[in-house]
Every structure is written in C-alpha cells, then in structure tokens.
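Per-chain residue numbering starts at 1, and chain names A, B, C and D are given in the order in which the chains are listed.
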C-alpha cells in the first residue's frame, strides 16, 4: 500500500494526539513532518514519533515538496493564515474545528480554496464516532419516523484555564463547546433558521474576569420547521458527558452517554458505576476514523462528508447564538 | 381513626381514578358523595365504589353538610366556579391542576379563598412521586452543589382527541402538558424571570385544525440567574417518558425514566426492555400519596406544600410561554 | 359483586401484610375473621382492619360457618395441622409457601385434600410478579427458542434472627430461601432430575451455632436434559436482589433486578442508583395479584395454576438439595 | 526507546490479530519474524505487516539469533513442542492459553522452563481487561468485604466448526471456554478444592458427532471454603457475553457486560441497544495491554503476574471439571 506523506501543523495537546494516531493507527499515513511555533515542541514530537523533519513556521512545512497533504491542529486564530498558505501551495488540507473564530476569515478561506481547487476536509470527529454515526444511520433508515426535536448536551468535566477562556482565544463558550452539537444538529435535522441563547456564570465566578459563561442553553428552529435545543456546561464534574437525542414521529434515538468501565459496584451505598472521563477516552477512535477517512478520500479522490461549507455553517450558527446571548434577542442565522 | 367525609366533583377519567384511590388506598378518607354534570357518570361511579350520595350539580355537593372536604377533578374550565362556590360554603378544597385556563380567574379564586379563609391545596402529583421527591431531597441536601441548569421532558405516548386539544378546552399544549414541568422547575430552581418558547406541528398535521402544536421547547431564565429548558411532545410513541434533570456545581441528578417490567430480552435483534405506558402506571402512587397528604394536612391543620400561589405561578409561566410561542418573542413572566 | 368471606390464620409479619391487602386491594374479599395463637396479635389485627371476628385457635376459625375460604400464613410447622383441619371441615384453602418443612407431612396433606376434595391453592407469589410472569410468557412464546440453562439468584439484605434460622424453624437455608427459585425453575424449565448443593458459613460466623449456612449454590439437571443453577445468600447487603435468567437457543431473558427509585445521581464519586430494599417493596403487587387470583379461581371454579403437587415438588427438590449439601453428594430428586 | 525483537509463532486468526497489535499498538515491540506451518499464511502475514523474516518451522524461528523473545499463538496441541524448543534455545516465551490440552505436557513444560531458567509468561488476557482488572482492585481494596461467592458466565455468539470442536483439537468445551473463567475465579477467590460439572447438547444436536457439549455448568468449592459457579454456552446468540460477579460480605461487584454502541433506540417495540459482538471487539485492548505488559516485564526483568503455575492450575481445574462431567461425580482438583 502506498502511504501518503503527511505534514502536521500544531503539536500541542491535540496535535500530539494526532501525531500518535498518525504514527500508529492510520496505516495509510506516513507522518513525514511536523511544525510548531514553539521549536522545542516540534522537535520533541518529531523525536517521539520518528518523524524525519520538523519546522517552526508553517510556511516551511507547506513548502516541503515531499508532503502530499497537510493536517492543521494549530491554535484556531492561526487557521486562516495556515490554510490559505497551504492552499496557495496546492496542498490538500484537513483542518480541525473550529475553522476560525471569525466568519469573515472563514469565508476568505473558502474563496481561496475554491480558487485554488485544493481538497479541503473540515474536522468534526463526532460524525465518526460509532454511536453518533449509528444514530445517523437509524434516522436515515426511518427507524424513528420523521425527526421532530433535537436535544444535545455537552459537558466538560472541569473548567479550562482562564487564559484559554479569553474570548479572543476560545471564541466564547458557544463557539468553543457547542460547535460540535451544532454540527450534529445540522447533520441529523437540517439547516438552522433561528437561534436564541441564554447563559450565565453559575459555577465558576472567576469566569467573569474573562467575560465568558460557564453554562448556556440554546434553542433553535430549523428551516424545515423542526425544533432543537443544545445545552453546554463547564461543570460536568462527574465525567465527560456528551449526548444527543432525536425524537421523531415513530420513536427516539439517544446517543452518547458512555460508561468508562464495565463494572457495577453494589453496596449499602447503592449501585455505582463510572462515566468516561474526558474527550481522548470518549472520542479517540472517532479521531482515528476521521484521519483514515481523510486519507481514503485523498487516495480515491472522493468528496469529503464534511466540507468547508459545513465548517462555515457551524461557525455562522455559533456566531449567531453568541450574538443572541450577548444581546438577549432571537436572531436569524441568515443575518450572519 | 376518624375518617374525613370527602366529596368528589368530576368523575371522568381522572375522577374515576380518584374515586378508586379514595375508596381503597386512602385510609383517612370516606368517599361520601360524588358529582358530575353527566348524571349517568355520577351514578355509575357512586355504585361502583359504594358511595352513598351522588349529585349532578356541584352546588348540591358543596351544600351537603355531611362533607368535610371537596376534591375537584372536574373539567378545568369549571374549576373557578366550583372552587369559589365551595369556598363560599366554607368547604376545604383540593383542586386538580391546572387551576384554570385563565389567569384572571385564578386570581379571583385566590381572592375568594383569602377572604373566606378556607383551606386550599393545589394538585401537582409529581411532587409526590418517589423519584421526583428523592431528587428534591438530594438537591436540598447539597449532593449536587448549587443547581445551575434544569432540563425537563414530558412526552405523551399518543395524541388526545382533537376535541380535547381545542385551546379553549385544553389551554394549548404548554398549559396542558408543561404545567407539571414548570412546577417541578420552580420547586427545584426558584422563580422564573423570562421565557421563550418555540413550537410546531411536526407529527400530527391534523392538529392545525385546532390551532395547537404537538412539540414545544421552552427556554427559561430564573430570578437567581439559573437556566432552564422544558420540552414537551405528543409523540413519545414508545411510552410515557417524563424526566427531569438538575445539573449543579458538584454533579447532576436525573429523575423519572422508568421501566415498566423488570425484564431484559436479549436476542439477535438486540437487548430490549419496555417503558412505562402512561400516567396511571407512572404516577398512580403519586396520586395516592398526594391524597393522603391532603387529608393529613386537613386533620393536623398543616399548611399544604403546594398552595394557591403555586397554582397561580405555574399558570402565569405557562401563559407567558404560550404568548411567547404565539408572538415569537422573549417575554418576562412578571408581565403576565 | 358478591364478596367471599375469608378467614386468615396467622397474623405475624406476613399475615399482617395479607390482612392489609385483603382489606384494601382485593375487592372480591371480605376479611371476616383472623386467628393467631397470640391473642393480642389477633385482636390488634382485627381492630386495625375492622375484621368482625377473631380467634386464638385455628380450629375455631375453621369452624366459623360464615367463612367461605381460609388463608394460611401461620408458622410453617403448623401448616399441616391447620390445612388438614380446614380440609376436613370442607373449607377451600390458600396456603403460603413452604407447604411444610417435612415431605411426609406434605404428602399427608395431599392425601387428605384429595380425600375431602376441597379446593387447595399453593402460594408462590413470584409467579404473579409482573417480571417473572412476563419472562414466562416470552419463554412460552418462543422468543428465546428452546430453553437450555436456568440461573436463579435470591439474596436477602440481612440475616434473620438466629432463632428464626434454627433448622427446626426455617427448614434450613435451601428450604427457606431457594424454594421460590426452585418453583420458578420448574415453571420455566420442567421437572428436576438431580441436584448437587455446596454451601458455607462465609458472612455470619454465628450461624454455626444453629448449624445453618449463609450462602449456597445448587446445580441441577432437569428430566429433559436441561441445566440449572441457583445461588442464595443471606448477605445481599445492598438490597433485595432476586433474579432469574433463562438462556435459550435464540436468546436469553433476564427477570427481576429492580431499582427502587427512578433517579440517578452523578457526581465525582460516580453514577449511583438504588436497589429495592426488601420483599414487601419487591413483591407487594405479586402478593395482591395472587390473592385476587385465588378468589377468582374460587368464584369461577377454576383449577389453580399452582397446585398441591407444585408445593410437594418444590419441597422434594429442596429436601434433596439440603441432603446433598449435608452429605456432599449428587442426589436424585426421585429418591426423596 | 530500545525495541525488543519479537518472533511470532502461529499466524492463524488470533496470530494475525497479534501481528497487527505488535506492529501498531505495542511500541516496545519490533515484530522481526513470523512462523506458520502453512507457508502461504506466514508469507502473507509477513508482507502485510512488513515483517522482515518468515519461517515455516518453529525451530527456525527459535534459532533466529536476532530475536529477543517468542510469542506463541500456534494451535494448542503444538504448544509443548514449541515452548520446550524455545526454552532450550534460551528464548523468553509468551504463550497463549490454554498452555496445552494435556496436564502431563504442561508439567513437562514447567520442568524444562525451570531447568533452563527462561522467562515464561502465560497468556490470560481477561486479567488485562479494564473491567476485570477494576473488579480485582475493588475486591483487594475491601469494597465488597470478604468475598463469598463467585459467578462467571462465558457465552459465545455462535458455534465453531465441528472440526474445531473435536476434543482432540479443542480439549472439550470446558477447556476451550471455561479456562478464562477458571483463571479469573482463582485470581479473585483463591485455589479451587473440588468441582462438579453438568453439561448437555441442548442447542446444536450435531455436536453429538464430536462428543462435546454446548452448555455446561460447573460448581466449585475453594480451599478457603468459598463457593463458585461457572456457566458456559455456545449459544449466546445475542452477542459475546462475558461476565463475572463476586458477592462479598459488604456488597457485590459485577464485571463484564458491555454494550457495543452507546445508543438507545426507543420505539413502540421497546427500548433496544446492542451487545458487543465477539472477542476481538470485547478484548482487543486487553490483548494489547497484555503484550505491552510482557515486554515491560522482559525489559525491566520483572516477574509476570501470570506464571506457568497459573497455566497449570487452570488446566488442572479444567481437566478435573471435564472428568467430573464425563463421570458425573464430584472430584477433587488435587487428584489431577
């Protein structure tokens, strides 16, 4: 099997995980170069996974003629610059979510990608999770009749650093956390017409310093008249709890809740079991499936399931919901 | 033990259930009279449960000097007239939810009750359900820290008759179905400040004839800044699915989902179990507990847990949400 | 509806429960007399449930010409004498499990009952439990194909008093606890051919004083070649855990495990729920169903589902298993 | 990190899985050679996983001086010859379960291993499964008090080929299937004193041709007086259902039952979910953990958790149980 030479830009927490996956669980990939603005980080990653080349600047990696494709796991604020540079150099791109923090940047990326005609695949690993994908198949198969109502929940087990939570960095809680639920909602239900969000600082008073929230509920209407709700929380302290449910005319399908260990302990204190702790444990396989899918698409010249339009649409809804939250008003997604 | 002579007004579906409970599972009650506008129905009920007297008009029952208390399970539109009459005749009253369909009527009822000084207990049986009550105890005990987010779902297994669904009759889907979730939300979280509701006809096109909806999502903010969501559906075709969840700073508590039969069937088709079919199976014990509580309060001259103010508050929120739904705007509950 | 005048012999823990059920939840019964060797107990029970007559001796109750039927919830060692007396006086009898502690006594009871031709129904309330009955229906419907293997578990939440545990009183752990599992095993699988039991004192060393065990495992073969296993324990300290499973050629059906309260609590300590605490909570409805069935059979002159032969067969298997335990050998049930 | 050069003997179904794991998920291993009696199979495997050398005879692989260790996944009947040869050539060995089909062979292997002083690790991957390991930790931590009763179940989703089922090939159902449950029982409870097994042909009549069974129940006593039960079945047609439970004086711990996909489907037909289909899905991670542990032990010169004595003990109990089954008698393990 011919392997595809892949360059990875961004070797932070998620980037390192990708480096490991590309080295061990994605047989079609040859991780041939890594890049990171922090030289030490790029070097360490390269050594750990026997990667022959490492760079500091993304331009150098994009210039590397031995590379067949580029995977972007850099800080979101740099996505636009990296992707535009890669596109202009003709490199196929896989870009982590969210595309950008800024809709104008995202639209510029789209225009460059269309002009250069490169292959672009947007990352949303939940679509490659076994449970979320199985729910999609059941919905498409008509098992629950016509979908009526979507409910999504995302709960992180703890609060990230305040530095991370600065809206300039994370884009605010909705963009940071609900972008996945929004993508799944669109996938299961259709396009979103209007959105209204309420939020608050209910668990971590210090979040006031960075002008973010720790809990948000969004209610949505879809273009086809269907209804949706997403609630996100930074205080899911009992585990990483990611759920989606679609209620249809013939039944409901619920996806997501996952035990970590298949044991029950039963004592006078009750029956106890655990919950999966965080996203690497919950979505590790989904990330691997997604990377394999990316290479498969490249090799066989197939359209990706998730396009740049999906990236933009998610961002647009998140931007609309964030604006709704700030202005306390119902907004139309089309206005963004 | 001295028994309390109870009169029951309204012997329809719910009223008959109450008659049976009062005859067999509420040791402190002596069901001494029933009344129904349909004479045949009152008579049949009286005969079935060995009730000595039956009446057609509620006035006659309220006039019956042998009765110590009146329980109202009549059609909601008649609640005001019945309760006012009972109050003026000095009869203690237990009144089923919803109090009325109309806030002005509810406020008039309150004013008469305050003037006459009679005992009044508002019915909301979910507070007497073992699971919902246990969740309340856990919340009050601080098990989940400070409550942040409320989520409630109520799904009926099938659509009622179109006749029942006429808004003049049922008050619309929110008043008809979400009134329970609203009461539980207030009980767990505090008073509601604002509400926004979206809804649609997604499962039963014929509901358009009666200008109602079959699915609604409401999002709420509470006076204390907390957040809430309620979704109600007429197409929970797989069973009667009533849930509530409160996410707090230290954990979450989920109440409600109930199997009907303690068996699992595991074949090549998967692992299958059932769901409780409808409200008599789900809340039968809660109704009995509530009736026992009513008599206990009467005998020992105790304040009821659920007062006329709880009845009015639920109605006010439901009216606000219904108006929000019709006008597609965020509304303040205090304006209603 | 004509009510059947019922006399209840034995008003201890279970007898009181029966008195309450007969007074409130068995519409076809009129509890007309109670008897107990302890006069105070009979009197208290009669007063509590408005029973017109009470007796000390069972003979007096059996002599009461106003009674249509007799229900026996007395101490097991007195069953033979009571039932024989009732039979000779022509009274239809419902007798709690176990029939007796002694096979010879049981066979004598059968012979008197056959001679007198009275109606006799053996009590085994598990057959009237919703879950165990649903499992039986699934097995009979072929949902799991041909049954192959039976597994039953019965765990009590705490140790009874040592006085109760004396083998002369309880008949030993197998007769006391496994008699229900044995009956369910026969109902689901067929007749038992051989049995081998192992046991020990593993949780409560003081049980050595009364020469009983606290944990036993029995393995069985059925006449049709099928296989079975029953394990019983006095240290199910986490709740009252009663389960049965039948594995067939097309699947498996599991019955029994029951939450007490429909809530989940999820904190850093894990996800916790409860288990039903003890038999009144677990099998209260089953007892009521069984009593209603008894009266139904009497009124309509129907054969009972559980006959005296079922009583004897269960006892015979329990006696064989107890002997196997004591002798540490495989025994044939037919030899007992 | 220095990698250990590993040779793999046997590249059938399980061997291929091991080859993949060693190539991709065991970072300390360099799969340097494979061997198989079927040349085509060895060659294909070598090509698929870029293994530099392949052999037909195990002797040639054992002779390969570049190899640091040998992993044996060959047909069980050849284990003795392969392991003895490797030991005599000084190669550290990891050997799949069961060690052999014959106790005398196993004891000869032990004597050669002791004489040559090579490192030997017995394979029982269940001990490396997250759930079974977590249960062991809870038991050791005293969460359930003192263990009293062990219950284990192993159910395969379908019948293997009759050729595989020949006792000369598989060793009979107990050796083939219960060997894992026996090892877990010893690990949780202690050494086994006596065993009695019953079995039958209940699902697949054609198994009579090869003189095996399709369902077996074993009951055990342990040297410390504790009790145990294992049931195994070839007709767990609904999935691969592997469970263990230990009931102690303070509670119970249940391990094993695993959903495959985190979704629930709820329709009028009930609530449905799936079960993990077979052992690669259920125990894939456990196999990987076990291989990593083997290399870790080799590198750091540590004693393995599972020794040749564990291999022999499991085999001895299985042999005793098989004899008990054939002779229909209770047997002492020490007699084998």
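Basically, a contact is a pair of C-beta atoms (placed from the backbone, for glycine too) under 8 Å apart; a residue touches a chain by one contact, two chains touch by 3 or more.
Remember, it's a predicted structure, so these values are computed and weren't measured experimentally.
Across B-D and B-C, the chain pair carrying more C-beta contacts is B-C.
For subunit B, the chain whose average C-alpha position is most distant is D. Centre-to-centre spacing of subunit B and subunit C amounts to 39 Å, using the average Cα coordinate of each chain. Each chain gets one centre point, the mean of its Cα atoms, and the points for subunit B and subunit D are 58 Å apart. Residue numbers of subunit C whose C-beta contacts span two or more other chains: 237-238, 241, 250-252, 266-268. Those residues of subunit A lying in contact with subunit D across their complex are 24-25, 27, 130-131, 134-135, 138, 143-144, 250-258, 260-268.
Residues 237-239, 241, 266-275 of subunit B are the ones touching subunit D in the complex. If you check the complex, the residues on subunit A that touch subunit B are 145-146, 148-149, 151, 155, 194, 196, 198-200, 202-203, 214-221, 225-229, 231, 233, 235-238, 241, 247-252, 328-330.
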